[in-house]
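Pasting a structure here, questions to come.
The first chain written gets the first letter, and so on, giving A, B and C; residue counts start at 1 in each chain.
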Amino acid sequence: MSDIPTTNAQTTNARQLSALEVRAERERIKRNWLLSMPAMILLLLGASGPLLIVLVYSFMTPGDYSGVIWTPTIKAWFQIFFAVDIFDDTIGLADAHLTIFGRSVRLSLITTFLTLIIGLPTAYFIATRPGRQRTLWLFLITIPFWTNLLIRTFAILEVIRNEGLLNNLLRWLGVIDEPIQILYTDTAVLIGMAYVYLPLMVLPLYASIDRLDFRLVEAGYDLYANRWQVLRRVILPIIKPGIIAGSILVFVPSLGAYVTPRVLGGGKHMMIGNFIELQFGQGRNWPLGSSLSMLLLVIVAVALIFYVRAANRGGSDEQ
Amino acid sequence: MSNKPAKPFSIKHLPGFTTIALGCFVLLYAPIITMVVYSFNSGQSVALFEGFSVSWYFEAAKNELVQEAALRSLIIAACASGIATVLATMAALGTTRTRNFPGRTFIYLMINQPLMVPEVVTAVALLIFFASIKVATGYSGLAYLILAHAAFCVPFAYLPIRARMEGMDMALEIAAADLYATPWKTFRRVTLPLVAPGIAAGAMLAFVISLDDVIITEFVKSAGQDTLPTYMLGQLRRAVTPEVNAISTALLAVTVILLTAFFLLSGRNSPAGK
Amino acid sequence: MRSKLFALSAAALLAAASPALAEGELNIYNWGNYTSPDLIKKFEAAYNVKVTITDYDSNTTALAKVEAGGHGFDIVVPTNSYVPVYIDKGLLLEARPDQMENFKNVSEQWKNVSWDKGRHYTVPWQWGTTGMAVNKSVYSGDVNTSAIFLDPPEELVGKVNVVPEMNDVMNLAIFYVGGEACTEDKTVLRKVRDLLVEAKPKWLSMDYGTTDKLSSGEYVATVNWNGSTFRARLNNPDVVYGYPKEGYPLWMDSVAILKDAKNVENAKLFMNFIMDPENAAMISAFARYANGIDGSEAYMPEDMKTAPEIVAPKESAAAGQFVPTCSPAARDLYTAIWTELQK
């Protein structure tokens, strides 16, 4: 009605901040930075600094069996995608690399999907348990989450090997006569990863479903929706951030998986992680290993950006 | 509200979900339980259960390599989690319950980067970085491993501490300041006791994470620096005897104990509205 | 004594102030499952030295790790074809084992070898052959051929393992197509590459721990070394060793001291130690390979004198050849093929 500034903010903006306030603000910022400094330095030394070195190495020439020669070249990046055929010098796509990439992405996507369809009902189940019981179920799902990755991989190895639980069970049931060779196949790696990353999917989903206001669900039923419609049009959209979080939490680590494919793949079904390691050993190509690492990092960063944007978009629906 | 009919319509029930959920738990635990059961196998084989015995535990305990690896794991985990927790607490103090300031997102990114960067990449980076340092200085002791572990433990220590701090009311600290307490005294006698459960949780998480690490340790270690997980990885590639089962079960037991403590701690001391 | 050393190491670890080399240490870098624990115990007791063993699964892995530096090893055990590479890179200490006390025990044929003239750097560890190990209850056909893994018979498709040792696999494949060792002939190598790439889908895995997996029956066929097969056969009588008639490599692994070793004295003691006939026999008794020390036969297990894995049958003996070190160009070609194979 009138244009007299009425809000405090406008009044504050209208006058200068006193010198004391400015100094106090600067002190605050300084204090916060100082407190965070030691952690940042540690991480610089133990994480980010070395990453920069990797970036630099990816532009160097490989040393004979290890290390690099300080001659810049983009060969390592070129080699990721293209290969010069050893015999006729034609430049073609680097089949070997693309197979490994393809396998990694494919297995990671399938793993994410599998863990989602198993994890969603599980998270829902836990979230809909009453009080004390719920803590128990949470505890039960957290134990595998915190169990050593190697132990879990070993446990699943025991199950799928030829004389393992699965084959013995199938033989006992009479479904098969000879053990099925599951180990050392892509399927083994897939089963292993799904098993190992399942808890990672359940926990964020649980967090999301936990915040779901079931009155909305009840409203849906009141409006004559059946269970399927309620699931599809009420529950799923609301827990979308949890789904995305869980998917990222499974996709990213499985893309960079190393232990599981190494133990279950028998050296034949490499994923990106194993292939990167190979470059620092038998592959004798540190720059290629470095460039592959950078590429992996970029893919992960893209996935994370995806997540952040999707989470922000879905955030408006959250209470 | 009208009375519900004889069979209540549960709005929370979705068909099939409970079955899948229970199936999921079975699937999750079956391999673990199998592994635990076979650690008590009296026979050599990992396939046939021949009889109950704890001999493999004694075998593992007597095995010097296992002893050393276990000790090394514990030392590294203790040092790394100690360092990480202290640094994470400081960082949490600097970044929570305060208005945004330039660079805070950058600090978040730096602190949380181990969560976002695939372990293989970090492992490779540290391999390269430490290799040159090792050659230059000639020192190849445990410090590298402790440094690497401390670095990736920081975010795991940071998150619970931060969560705890955010739930705390600043009024108490302001009151302390009103009573002429210096910032350090306020921290020591008001803030610290209140955040203590968060710090304890952070320290425990960092400890478990460090104990569990495989990839980074595998790449960074020098001669004779096996930790328990890298020892097991080596065994897995060669002979799989129930000794590995025994060690795994022992580690599992440690995790369960620590987790139980964690659950009890957070259950008892949660600030309002956790 | 052991617990005191243990506590000492723990204290040193905790301090982490100076390099963790307590008085009396030796860090050996060797192939997996290749070092006799009894030998190590005897050495530790004799010289009051604490020994650690780290293992590798292929020569290339070892060389890469050693060349990168900062590894902390004192001793490495490379195969003959790699020794000149180590020497050229200046990675080995010229320890002059030929001047050591026990050098007189080394067999004449191994005293002066093309890859280490006059034995200035290395000492024989064990030597053997690479061939096929097959479980005859699954496949009863001819095992004396590289076709087992290069062109597997029906019963073995999808069941053959191939050890990730590039040199051995490449040599077997090269001989199979009729080429010569260390060939750089591109037509031959192209055939080799195509052959390997085509065979790989028929393999089960490319993994290492063959001895135990053959014993347990997890592997029914694999490219393997003779001693490892011998040990598997002792556990599982169905295992037989085949000498590929197309040609198979002979090799010798030797112990060398690394130039940047921190425990040079202990390493030299170890070198001298294993040239003693009794100790050499211990090495062979564990891994079941022949060693290069005269007089050790008297102490070795009886079955080694007649085992087909050690004493090649007359008709197979001729096909074996010692593979020399190949030129860098050849090695690069082989690495390229090998990397292509890894997918």
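By definition in this document, a residue touches a chain if its C-beta (ideal position, glycine included) is under 8 Å from a C-beta of that chain, and two chains touch if they have at least 3 such contacts.
In this text the structure is predicted, and so the values were computed from the model without any measurement.
Across all inter-chain contacts, the pair with the most C-beta pairs is A-B.
Farthest from subunit A in terms of Cα centroid separation is C. One simple way to say how far apart two chains are is to compare their mean CA positions; for subunit A and subunit C this gives 39 Å. If each chain is reduced to the centroid of its CA atoms, subunit A and subunit B end up 17 Å from each other. With touch defined as above, residues shared between interfaces to two or more other chains in subunit B number as follows: 45, 127, 131, 237, 240.
Residues of subunit C in contact with two or more other chains: 68-69, 207-208. Looking at subunit A, one finds that residues 67, 161, 280 touch two or more other chains.
Interface residues of subunit B facing subunit A in the complex, by the touch rule stated above, are 9, 11-25, 27-32, 34-35, 38, 45-48, 83-84, 87-88, 90-91, 93-95, 98, 101-104, 107, 110-111, 113-114, 116-129, 131, 147-148, 150-152, 154, 158, 208, 211-212, 214-215, 219, 229, 232-233, 236-237, 240, 244-245, 248, 251-252, 255-256, 258-260, 263, 267. Per the touch definition, subunit A reaches subunit C in the complex via residues 63-67, 83, 86-87, 95-97, 99-100, 161-162, 181, 184, 265-268, 270, 275, 278, 280-285.
Residues 58, 60-61, 63-65, 67-69, 85, 89, 158-159, 161, 164, 166, 186, 189-190, 193, 200, 203-208, 218, 328, 333, 335-340, 342-343 of subunit C touch subunit A in their complex. Taken together, the subunit B residues at the contact with subunit C in this complex read 45, 64, 67-68, 71-72, 75, 127, 130-135, 138-143, 146, 222-225, 234, 237-240.
Of all residues in subunit C, only 2, 6, 9-10, 13-14, 16, 18-20, 27, 29, 32-33, 52, 54-55, 57, 68-74, 207-209, 212, 216 touch subunit B in the complex they form.
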